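Got a structure for you, questions after.
For reference, chains read A, B, C and D in written order, and residue numbers begin at 1 within each chain.
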Amino acid sequence: MEVTWIGVLIKAIIILAVISAIAGFGTYIERKVLAFMQRRLGPMHVGPYGLLQIAADGIKLFTKEDIVPQNANAFIFKIAPVITAATAFIALSAVPVFPDFTIPSWIPVLGGTFVPSIASDLNIGVLFVLGMMAAGLYGPLLAGMSQANKWGIIGAARTAVQFLSYEVVTGLSILAPIMLVGSLSFVDFNAYQAGGIGDWLVWKQPVAFVLFLIAGFAETNRTPFDLLEHEAEVVSGYATEYSGMRWGMFFIGEYANMITVSVIAAVVFLGGYDAAGTLGWLFIMAKIAFFFFLMLWVRAAWPHVRPDQLMWLCWKVLMPLAVVNIVITALVMMV
Amino acid sequence: MYEMIAFYLFSALTIGLFMVTVMSKNVLYAMTSLASAMVLISGFFFILGADFLGVVQLIVYVGAIMALYSFAMMFFDATRDIKEKNTNNALVFLLGGLSALVLVLIFAAPIHSDAIHALYPIHEGAGNAQDVGIVLFTKYLVPFEVAAVMLLVAMIAGIILAGKKMDHSLTKDLDADDEILVVKDRK
Amino acid sequence: MENLVYIALFAPFVSSLFAALFGMSQRQVFVGIVASSLLAISFISSALLAIHLYTTGDVIHVRLMDWINAGDLHIPFGFIVDQVSVTMMMVVTLVSTVVHIYSIGYMDHDKSFNRFFSYLSAFVFSMMILVMSDNFAGLFIGWEGVGVCSWLLIGFWYHKADVTREENPSISPSWAANEAFIMNRIADLGMLIGLFIIYWNTGSLQYDEVFAQLPYLSETILTTSAFALFIGAMGKSAQFPLHTWLTDAMEGPTPVSALIHAATMVTAGVFLVIRANPLFSMTPEVSFFIASLGTFVAFFAASMALVNRDLKRIIAFSTLSQLGYMFAAAGLGAYWIALFHLGAHAFFKALLFLGAGNVMHAMHDELDIFKMGGLKKTMRWTWLYMGLASLALAGIFPFAGFFSKDAIIETAFNEGTYVLWAILVITAGMTAFYSFRQVFLTFHGDERYKEFGIHPHEMYKYVLIAMAPLAILALVAGFGMHQYEAFITNLLPEYHMSEHTHHLVVWLTLIVSAFAIGGILLAYVKYAKGLKRDTKLENSFAYKVLANQYYIPQLYEEFITKPYKIVSEIFWEKVDLKIVDATVDNIAKTLYKTGDSTRSMQTGNLSNYLNWMAVGGVVLLVIAAISAMLV
Amino acid sequence: MIGLSHYLIVSAIIFSIGLIGVLRRRNLLMLFFATEVMLNAVNIAFAAISHYYNDLTGQMFAFFVIAIAASEVAVGLGILIVLYKKHGSLDLDNLANMRG
C-alpha cells in the first residue's frame, strides 16, 4: 500500500489526540491503581467512580494563573515545557503505535486512505526514538536553569546526570536485540518476531529486557527513579515554579514518554503487533497497557532511591551488565 | 520541492539560531539556540540521506555534548548576562564577513567535478546504517579505534580535571553568600 | 648436530649476558665459574662437532634466519661448520676456556672482575661469529665485534692516566685501546671496499657463491678485491705498517693478551686469507706480496724483540713475527700449513702469555726482565711451562712449533724463493735467541728483584692445572700433523713438497734446528749466569733503533698525528668557527631580532591571537581564491 | 533544485558566523559554543559532499569530527571548571598571564 501524506497526517492526528487523551486519562488510572493498591478508593466525587476527574483537572490546569518568576529567563521558562511535550511526540512519530489499516471506503472524503503503522518509517527508527528522547532532557534542564530557583537548578542538574547516565544503559541494552535482528527499523523487529510467542526476543535477551525496563523507568522519570522532582528533597525539582498548563505540558510529555517506552518494550521484546488485523490491535494495546500498569505498580511497591544509589546502579551494575550482555551476544552470534 | 522547502527552512533557522548563539549576551539563550540549531542540522543530514549521521548528531551532539555544556553551566552563573568588552567589533565583522564572502565566492564558482570519483560508493538497496558500518569497520577501522582511545583519554582527563577536590575552591575560602555579606560589611 | 652448533655459538653469548647482569656489582667468584663453565660447554660442543666432522666428513650448514633482505641484497644469518671453521672453533674455545679459568685467579683482586668476564665472553662470541659465518657479512660483523671487545679489554684499566712515551711506550691503556681501534678501523675500510667490490661483481656475499663466480671475473677486479681484503687482514693481524698497536695493546690485562692478542683475534687476518683462499690463489701477485710482507714482518718483529726489556712486549713481538710466518705460508699457497701453525702457535703462545701473567702476578706488575732473575726457585711450574712454550716457539723437536714452522720454512724453499727462505731461517735463530733471553733473564741468574723488595710467589694451583692442557698440546700437537693434513685438505688445497725438496728435507730441517739451537746457546752463554750489561752495545745506534721500534711510533706521531692535528686546528678555526658557526649564529640572531620586533603581538590575550589567526586564514583564503581564478 | 553549492554556501555562512563568534567572544564558554558552530558547519559540508559525490568518506569524517567534539567537551569543560574555581571568571581578558 502506498503511503500518502493524508495517511500520515491522519496517523499524526490520531497519535496526538490519542496520546494526549491517554495522558489525561492516565492520571486518573494512576490515581485509581495506586489507590486500590493502597486499599483506598481514589477519586470518587466527580462523576461516576470519579471518571470526570480528568475534565475537572483539565479545567483547573487551563484556568490556573500562569506565573513567571521575576528573575527567571522568561523566554526559556516558557518554551521549556513545550520542548518536553514536543520531543515526546516527535519520538512517537517513529514508533508503531498501531498496525497499519485502511479507512473503510464508506467513510466520505477519507475513504480508502491507507494509514501506516508508523507515521514516518525511518530505517534507523530505534536510534531516532532514542535520540529524540535524549533531546527531551532539554525540557527539564532548561526549565530548571531558567527559573532562578535553587530547587530548580538542583532538579536540572539531576536531570542532566540521570538522563545522560541512563541513556547509556538504554542504548547498550537495546544494542543486543539490534544485533540479533540486524536492523534498526521497528518494522523489521516486528517481522523478526512474527512467528508467535516463541519468537519473542524477551526469551533470547532477558537481560537486555530487564535492563531496558530499568533504564526506561529512569528515562521517563518514574518511581523509584523520580529524583528530578522528588518532593521530599527538592520540592518539585525543575517544575517548582511552574503552574497551570505549562506544568501540564511536562505532565503530558512524561506520559507520552511512558507510552513510548512501553511501545518500544512491546515491539522490541514482546513481539509487537504480530498478528495482522484486529487481533494485532488488541495484542499491542494489551502489551502497552501492561507496561503502563507495571510502571504504576512499581510506583506503589518501591521507595525512592538516593541519587548516589542511582548513579551506583547505573555505572557499576547496569552498564557493565549491558556490556557483558553485548559481548556474550556477539560471541554467540559469531559462533 | 519538499527538499527545497526543507532546505531553505532549515538554512534560515540554523543561520538565525547560530547568530543568536554568537551574538547573545545570555548564556541560556546561546545554549538553547545552539542545541536547537544542532537538532536542525540533523535535519540537514536526514535530507542528505545520511540517516545514521543524523541520529548520531541527535544522540551525541544534542543529547550528550550540549547536555554536558549545560551541566557545566550550572557551575557558573547561567541566568546573569555576561559582560564582555567588545573592542574592535568592526575588525571582527570585517574578518568574518570577508571569509564568508570569499568562501561563498569559491563555492558558488563552477566546480570541476569530473575528476572526482567515489571511493566507497553508497550501495543501492542497503540502508545508510549498513553502508556506514561496512566502511567504518573496514577502511576506517584504525581511525575508529584511535577515536575510541581518544574518547577514553578525554574521559579520564575530564574526570581528573573536574573531579579533583570539587568541594572546595582553590583560591577562595568564602563561598558566594559570605562574599555578599563581606561586601555589605564594607559599605 | 645443529643444536651443537647453536650451543657452541651462543654459550659464550649467554655467558657474556650473565656476567653483564653483575657488571656493576662487587666481585663475585661464581660469575667467573659460570662463565668458564659455559665456555667449557662451548668447547665440548666444538669438540663433538670436530669429531663428527672428522669421522663422517659432513659439513654442517645452518641458517638461523634471514638477516638482511633489501632489494637484491639477501644475507642470511648462516653458519657453517667445515674443516677450517671447526679448527678455529676448537682453538678459540679451548684457549678461551683456559683463559677464563686463568682469569678467575689472575683478576682475583680486580674490582671490575664481573665486567671483565662479560667482555671476555662477548669477545669469544664475536670470534665464533667471525669463524663460523658462512658469508663475508657475518665475518665482517664478527670482525668488528672482536674489534670492539678488543678495545674494551685493552682499555680495561681505563682509569690509568696518560704518561709520556719515555716512561711507558704505550702511554696509557685507554690511549692504547684507541690506537688499536683506530688502526683497525683504517684497515677495516680496506676490507669493506674489498667486500663492496666482491658484492658489486658477484651479487652475493656467500662464500660458496662468491667463489663459484671468481673464474668469471677480470684480473683487475680479483687483484683489487684480494688486495683490499688483505689490507683488512693486515690491520687485524698487525702487519707492517699497521703493527704498532699490537705491542701497545699489551696494556690490557694479561689474559686478554693471551687470548686476543696472541691466540685468536690477531690470527683473524690469517683466517681471512685462508678462508678466501680461492680468491688469493687466483691472484699470484697479491699472494707473493703477502708472503714477502709476512717474511719481512717475521724478521722485523724478531729484530725488535731481541733488545726489548718488557716481558709482555717481547712475547707480543714474537706474536707479530709468528704471524709473519703464517702469512708467508698462506702467501706461498700452503694454506693448511698456515692454519696448522696458527693452531699450534695459539697453544704455545697463550701458554707463554699466561706464564708471563704468572710472573707479573708474582712480581707485582713489574715487567722489566732486567729487574727479574732467579725466579725458577719460587715459580717452578711457571718456569716449566714457559720453558716448554719457548722451546715450542723456538721450533725445537719434538714440540709443536718445530713441525709447523719447519713446514713453513720448507715451503719457502720449495717455492724457490730462497731469499725468503734465508730470512725465515735467520729469523728462526733470532726467535730462539730472544725467547731464551727472556727465559734466562726471568728465571735464572741472580735474584735482581730483591733490591726492589718484591717477594714472588707461585700462582694458584687451579690456575696452573688449567694451563696444563695448553702445555700438553704445545708438546704433542705436532705429532698430529699428518692426520690433520688428511683432515683439512678435504677443504683446503693440498700442498706437496716437490721431489727435489723431498730429498733435501733432512738437511733443511737440520739447518733450521741448528739456527734454533744456536740461538738458544747464544742466549745461554749471554744471560744464563746473570745479567751483564754491555753499555757499549746498548749505546750503539743499531741497538737504539731496535729498542725504539725503528722509531716508527715516533714517525707516526711526527708525520701523521701532528700534521693531522694542525690541519684539524686550521679547519676548526677557519672553517668551523668563521663559516659554519657564524652561519648558525646569524640564523639565531635573525630569529632573535624578528622575535624582538614582533613580541608586541603577544599580548597574552587569546582573543588577540584568534584575531591574528583569522587574519591569516582570510589571507590564505583570498590567495586560494585568486590562484583558483588564475588557473 | 538544491545542489552541492547550496549546502556549501550554507556551510560557509555558518562557519563564518562561528568565526565571528570566536573572534568577538571573550567568555571561554561562549568561545566553546562558537567552536561547536564551526564544527557543525564543517559537518554539513562533509555530509553534503558525501551525498553529492556518492562517497561515504565525508560522513566518516563527520563522525570523527563528532568524536573529536565529544573529547573536546570532556577535557575543555574540565579545564573551564578548574579555571573558574581559580579565577572566579571565564573572561579571557582576565587570563592574560602570558604577555610576551
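Following the convention adopted for this analysis, a residue touches a chain if its C-beta (ideal position, glycine included) is under 8 Å from a C-beta of that chain, and two chains touch if they have at least 3 such contacts.
From a predicted model like this one, the values you see are computed outputs, not experimental measurements.
**Q** Looking only at C-beta pairs that count as contacts, which pair of chains has more of them, B-D or B-C?
**A** Pair with the higher count of C-beta contacts: B-D.
**Q** If you average the CA atoms of chain B and of chain D, how far apart do the two points sit, in angstrom?
**A** That pair's centroid distance is 6 Å.
**Q** Between chain A and chain C, what's the gap in Å when you average each chain's C-alpha atoms?
**A** Taking the mean C-alpha position of each chain, the two centres sit 88 Å apart.
**Q** Roughly how far is chain B from chain C, going centre to centre by Cα mean, in whole Å?
**A** 73
**Q** Could you please state the distance in Å, as a whole number, between where the Cα atoms of chain C are centred and where those of chain D are centred?
**A** 69
**Q** Would you pick out the residues of chain D that each touch at least 2 other chains?
**A** Residue numbers touching two or more other chains: 19, 23, 25-26, 93.
**Q** Counting only residues that touch at least two other chains, what does the list for chain B look like?
**A** Touching at least two other chains: 52, 64, 68, 73, 91-92, 95-96, 99, 103.
**Q** Pairs of chains that touch, anyone?
**A** Inter-chain contacts occur between A-B, B-C, B-D, C-D.
**Q** Would you mind writing out the residues of chain C in touch with chain B in their complex?
**A** Residue positions touching the partner: 611, 614-615, 617-618, 621-622, 624-625, 628.
**Q** In the complex, go through chain D and note every residue touching chain B.
**A** Residues of chain D touching chain B: 1-2, 4-10, 12-21, 23-27, 29-30, 32-34, 36-37, 40, 43-44, 47-48, 50-51, 53-57, 59-60, 62-64, 66-75, 77-82, 84-88, 90-91, 93.
**Q** Would you tell me which residues of chain C are touching chain D in their complex?
**A** Result: residues 599-607, 610-611, 614, 617 of chain C touch chain D.
**Q** Which part of chain B faces chain D closely enough to touch in the complex?
**A** Touching chain D from chain B are residues 3-4, 7, 11, 14-15, 18-19, 21-22, 27, 30-31, 34, 37-38, 41, 44-45, 48-50, 52-53, 56-57, 60-61, 64-65, 68-69, 72-73, 75-76, 82, 84-86, 89, 91-93, 95-97, 99-100, 103-104, 107-108, 111, 113, 116-122, 131-132, 135-136, 139-140, 143, 147, 150-151, 153-155, 157-162, 169-172.
**Q** Taking the complex as given, what residues does chain B use to touch chain A?
**A** 26, 28-29, 32, 35, 39, 42, 51-52, 55, 58-59, 62-64, 67-68, 70-71, 73-74, 78-79, 127-129
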